[in-house]
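Here come two complexes built around chain A, the first alongside chain B, the second alongside chain C.
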Partner chain A sequence: MLRFLATRLLRAAVTVVLVVTFAFVVLRLSGDPAQIIMGADAPPEAVEAFRRAWGLDDPIWMQYLRYFGAIIGGDLGRSMRDGRDAIALVAERIPATLALTIPALLIKLCIGIPAGITAALHRNSPIDRAVMVLAVAGFTVPSFVLGLLLVLVFAVQLGWLPSGGQESWRHAVLPILTLGIGGAAVLARFTRSAMLEVLGQPYIRTASAKGVPWRAVVWGHALPNAAIPTVTIIGFMVGSLIAGAVVVESVFSWPGVGRLLVVAVANRDLAVVQCVLLLVAGTMVTANLVVDLLYGALDPRLRSQARGA
Partner chain B sequence: MSDAALPASLAGAPSAPRRRLPLLIRFALLWLALMLGTALLADVIAPYAYTALDLRNRLSPPIGLGGSFLHALGTDELGRDVLSRLIYSIRMSLLIAFGATIIGAVLGTSLGFLAAHFRGLVEQVVLALVDFSASLPFLILALAVLAFFGNSLPLFVALLGLHAWERYARIARGLAISAGAQGYAAAVRQLGASPWRIYGRHVLPNIASTLIVSMTLAFPEIILLESGLSFLGLGVQPPETSLGSMVGYGREYLTRAPWILLSPAAVIVLTTFSVSALGDWLRDRLDPTLSR
Partner chain C sequence: MPITGAPEVAFRRRSLLGAALAAPALPRFAIAQADSRPVVTIAVQKISNTNTLETLREQSNVGSRTWFSIAETLIEQDWWDDLTLRPALATAWRRIDERTLELTLREGVRFHDGHVMTAEDVAFSFGPERMGWGLTLDQARNLFGSVPGQSRGRTPPPEALAVARRTYPALERVEVIDSRTVRFVNRTPDLAMEGRISRNTGMILSRAAFEAAPSWLDWSRRPIGTGPFRVAEFRPDQSLVLEAFDDYWGGAPPVKRLRFLEVPEVASRINALLSGEADFACDMPPDQIDGIARSARHEVVGGPIMNHRLTVFDKTHPQLANPLVRRAFTHAIDREAIVAALWGGRAPVPRGLQFDFYGSMLHADWAVPRFDPNEAKRLLRQAGYKGDPIPYRLLAGYYTNQLPTAQVLVEGWRAVGLNVVIEMRENFPQVLSREGQRGVRDWSNSASFNDPVSSLTAQHGPDGQQWQIGEWRNEEFGRLSQVLEQGTDPAQRRTTFRRMLEIAEREDPAYTVLHQSVNLTAKRRDLRWRAGQSFVMDFRRRNWAG
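Moving on to the complex of A and B:
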């Protein structure tokens, strides 16, 4: 178990280093940030001064080391647009994003998992067919189309809810629904296939054959085993709480991290984009690590064997 | 031989008659054929050029909502014909999705084979890259790369090609390793075949069905990604047009002219739905082990 834990931690650390390197390479080597921020017709002296101020004229490896050191020290630089601390800028947007993604996650879990289990237990019944058609539809309708359709119906036609902005809880209803419906469909589809796979295993047949009531077979044997793969995708959903609403926030003009990212990308605001990238990668890596630990708790087989890569 | 005599499946799947395709699959094939035809014949069937303005008929509604046959699906704010733009957008979106799917499959499979062949350090590097890809939502990664490398069509396609490469890499590595243990790969190696020949002529055909299924799963995801990025204004740039950028443009006219975004949105949904349905069906047919 200890070795299992150590391997996972090491891999998580390597992943974080890779993300940091990636951010550095992509964001620094892709063009001259000084020229872009200052504009093409800025006087050369001004561009030069800007470079010196941001350390952009040092050798690239020095920039890289300094960059790494700064990140370890918790300094992600300032927004090149308005000079504010990038971390503060991103941090103040996080609550708005979580206000959408956490309720949406609850909707996904409360609809997706029961729907998937029901569909699997009644395979090929009309319920199963209906769930599957809805699940595939939910997966294939892009979030911006779903969001705009909801706006068209509930804001434009019926006038029940506002179409964008963040003044009251009513403004959050449509974005949450948009996020929740799509995710519930994905989760239902996944839970159903995990459940079907377990139901086809010999130990289920054995349990039924020796006279265990079906209800007990489902609760005692099928559900715990189906939970193992399902936890992975739930972990992914938890990990994307911060990054999962980029498009939906843009559709509904919701001032969260996603909107900030899109605007920062359009403005080539390096510090802010880096900050969001690292934040997202950090949450994802942490969520994956927690999933791995949960695996250990859920699956006794993993505790006894050190899993090879 | 009748189907009833076959033990179709112990899990209890009903054995569909062999020659009759399910209704849904026939619809999906029909729709995809229509889309492919549209993409191939775009220049012939489009009534207007996709940039042609008709300033006397701006925001004219489609047939059925009071529009004329001059512009069957209506026009946008600049009087551009929605049907013509839709046809060219279908071509653009399909071209990008095909290109990116193939890039991803080739790249991922090659890296997976490399990892399986060399093991050791190479394998660890590939696995670290796989972890890296899996740790970032692709949309975030794509946003960063796009804005900072600027945006050109080849770069955009290459970038989308990176989507899902890690899935092919995982599958190819796993299957190639188990193929190596199965004897046939060892046998041709004993006969003196080069690694190119072993992987290209012997291992690849054996795992092709699994890879094809993965491609049908990745294809709709790429269409959704492309349209999402284009919707945000960060994908296909004007004057070029794609399904996503049409929806993004039409969003400004949601109250006054919803037809601008409804027809491309419907095409996106129907196309991704068709490919997904086809992929699910193929998976059940070709590869019952790949359950997801």
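Moving on to the complex of A and C:
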């Protein structure tokens, strides 16, 4: 088990390093932060002064080593736009994002999983078809289209809810629904597929043939085995809690991490972008690690494989 | 900061007018105790590109919307009527000589911090502390004073210094004659000094507030001016809340609070307006006018402003080095088709890079190059152009209708044989970057006051962007720029201006004008507010009851 955990942790650390390195190289090669932040009218001497002040005139490998050393020392840098700590800028936006993504995750779970199970248990029935039609519609409509549609209906036409901003809980309803509906649709599809696959397995047939009540078959045998692929998807959803609302935050003018990322990328505010990406990578990697551990808990075969290895 | 925008009281025309008329007569405590003025919410695409409110740094169209509520200039441009210069914080001015302008300051003007405005504040606003005169660019870097190892302080950042130098190229000093009189002294003659003073960079700010600020950045995000509204809260990239300044010399503002909210998406701005959460929505594309007009409660106002859209040439490109090729570009543009198809005929095609309010300097018989594909083909044959690719660095939507305009332009150019290749870019610095090969690009030029030096020399002369970034230069044009800047003979200046237009638009094209820009604002129909011929928004009483 320890070795299993160590392998996963090592893999997670490599993933984070790769993400940070990739972001560092791409951001530096795709635009000069000095020119962007100083503005088009800044004279060349001013731009040079900015580069010197921020060490952007050093070779890229030297900047990378300095940056990486700072990260190990716990320093994620400062925003080039106003000099504030990047981590402070990002941290103050996280609550706003979580205020959308956590309720949206609950909606996904509460609607998506029961809908998928129901559809699987009523395969090829009108219930199954209805659930799948809604699910396909839910995940094929892009979130910005769904968001605007919800705004048109509930804000513009009915006047029940605000169209954007972040002043009260009412302002969060439409963005949460936008995020939740799409995710629930994805989860419903995956859960249905997983359940159908499990329901076709010989052990389900055997349990039924032995006279085990159908409810007990579903709860005791089908659901735990169908949970493995579903947990993988849920893991991705948990991993995207921090930066999974970039588009929705823009549509609803919600001042979360997503909007901060968009503005920081446009301005090549390197420290802020890298801080967000580090956070996202960290969340995603942690979620995957937890999912890996859950696999072991859900599937005894994986535990025994890990022990055998 | 969220979009709410719901007025704190019902906002009706009658109550509004009543409040506006009664406000000056009410004692201050009465206003404070029963403030029935509305809260007005304005949905904008962007509040500030630089996340500051200092006009020396924030030289943008979006920044123009807010500064005029916070601060004022000595002389102001009347963007709402005849575009003349009119008294603002100065009640009168007179020429001492061609280099010297004396201004009499308005009495009883208070800053938001309670200080009475004096000549010292004017001297400060144009002085070295704010504009950085005498600093080297290395010294002028305290915007980034919190970078480890660097000092904090109130010295301005380098681009503020650069903008100041460009706006007031020959300003020698501001003399304080007495508490209500100042003299602007130029090193060289300058007939346009009044106009330069009216630019937003010349807003008058409190010296005491500047000296009390912990850093330049803190100060630039909460400048203390004399305008009808003071900064209550500025959340960069999110919102700007301005509160009524009831000691405003022009009378208490008719609006209790202005809330500028950053809503990047056009559709979201329109939705905020239609749902009643915003009272104004800025930067409306023309194709949204009909949809908004279907709402009985809303309308779109605005029209042409003192800004022209241009296509700009990089003369250092191997193909564009030949002026015949650039001239071919200018003749292969169907400007009327662009205006009709994309602007519903609302955007006029102007007489080159000049504006009607130039008055006696206007050359009414001048015109943009005519649309003549055959002439374009002839010029290309004469130039020996073989179809080599010419890059067109393009932003997707900095200007309204930018992408469709570019598509029309490229098709027109291709039709005459010009092989123009669009290269998408994310921001202006990438468009202007010297890395790789520049070709043609989009730009717009504003005239911030009624003289050609505000545009033609400022943008294309030796201190202008094109010249400075190595895109275009012409020695004769450079010499003439100096004549136009410093000349005192009106007839000679007019002739010089004509010759400069001939060079920059015909003989050795630096640019070609496409059409006049249009600024459209959607708003509640019951709000009696007028849009100016500029991006500037005015929420004073004089512009509230129409």
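In this text, the second predicted complex is superposed on the first by the 302 of 309 C-alpha atoms of A that agree within 3 Å, B and C clash if a C-alpha of one lies under 4 Å from a C-alpha of the other, contacts with A are read in each partner's own complex, and residues count from 1 in each chain.
In this section, a residue touches a chain if its C-beta (ideal position, glycine included) is under 8 Å from a C-beta of that chain, and two chains touch if they have at least 3 such contacts.
All values reported here derive from a predicted model rather than from experimental measurement.
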First (chain B), second (chain C), both or neither: which does A:V156 touch?
both
Just to be sure I read the superposition right, which of the two partners does A:A23 touch: chain B = first, chain C = second, or both, or neither?
first
Quick check on the superposed pair: does A:V273 touch chain B, chain C, both, or neither? Answer first, second, both or neither.
first
Tell me which partner A:N288 touches in the superposition: chain B (first), chain C (second), both or neither.
first
Thinking of the overlay built on chain A, is A:A137 touched by chain B (first), by chain C (second), by both, or by neither?
first
Thinking of the overlay built on chain A, is A:V186 touched by chain B (first), by chain C (second), by both, or by neither?
neither
Classify the contacts of A:R11 with the two partner chains as first (chain B alone), second (chain C alone), both, or neither.
first
Just to be sure I read the superposition right, which of the two partners does A:A53 touch: chain B = first, chain C = second, or both, or neither?
second
With the two structures laid over each other on chain A, which partner does A:V263 touch: chain B (first), chain C (second), both, or neither?
second
After superposition on chain A, the chain A residues reached by both chain B and chain C are 31, 148, 151-152, 156, 250-251, 266
Interfacial residue positions of chain C with respect to chain A in the complex
1-4, 49-51, 57, 59, 137-138, 140-141, 143-148, 150, 157-159, 161-163, 166, 217, 235-238, 261-265, 267-268, 271-272, 274-277, 426-430, 432-433, 465, 468
In the complex, chain A residues that touch chain B:
11, 14-15, 18-19, 22-23, 26-27, 30-31, 123-124, 136-137, 139-145, 148-149, 151-152, 156, 190, 193, 196-197, 199-200, 240, 243-244, 246-247, 250-251, 261-262, 265-266, 268, 270, 273, 276-277, 280-281, 284-285, 288, 309
Provide the residue numbers of chain A that touch chain C in the complex, in ascending order.
31-32, 35-36, 38-43, 45-46, 49-50, 53-54, 78, 80-84, 148, 151-152, 155-156, 159, 162-168, 171, 250-253, 255, 259-260, 263, 266
Could you please specify the touching residues of chain B with respect to chain A in the complex?
10-14, 123-124, 127-129, 131-132, 134-137, 139-141, 143-150, 220, 224, 227-228, 231-234, 244, 247-248, 251, 254-255, 258, 261, 265, 268-269, 272-273, 276-277, 280, 291-292
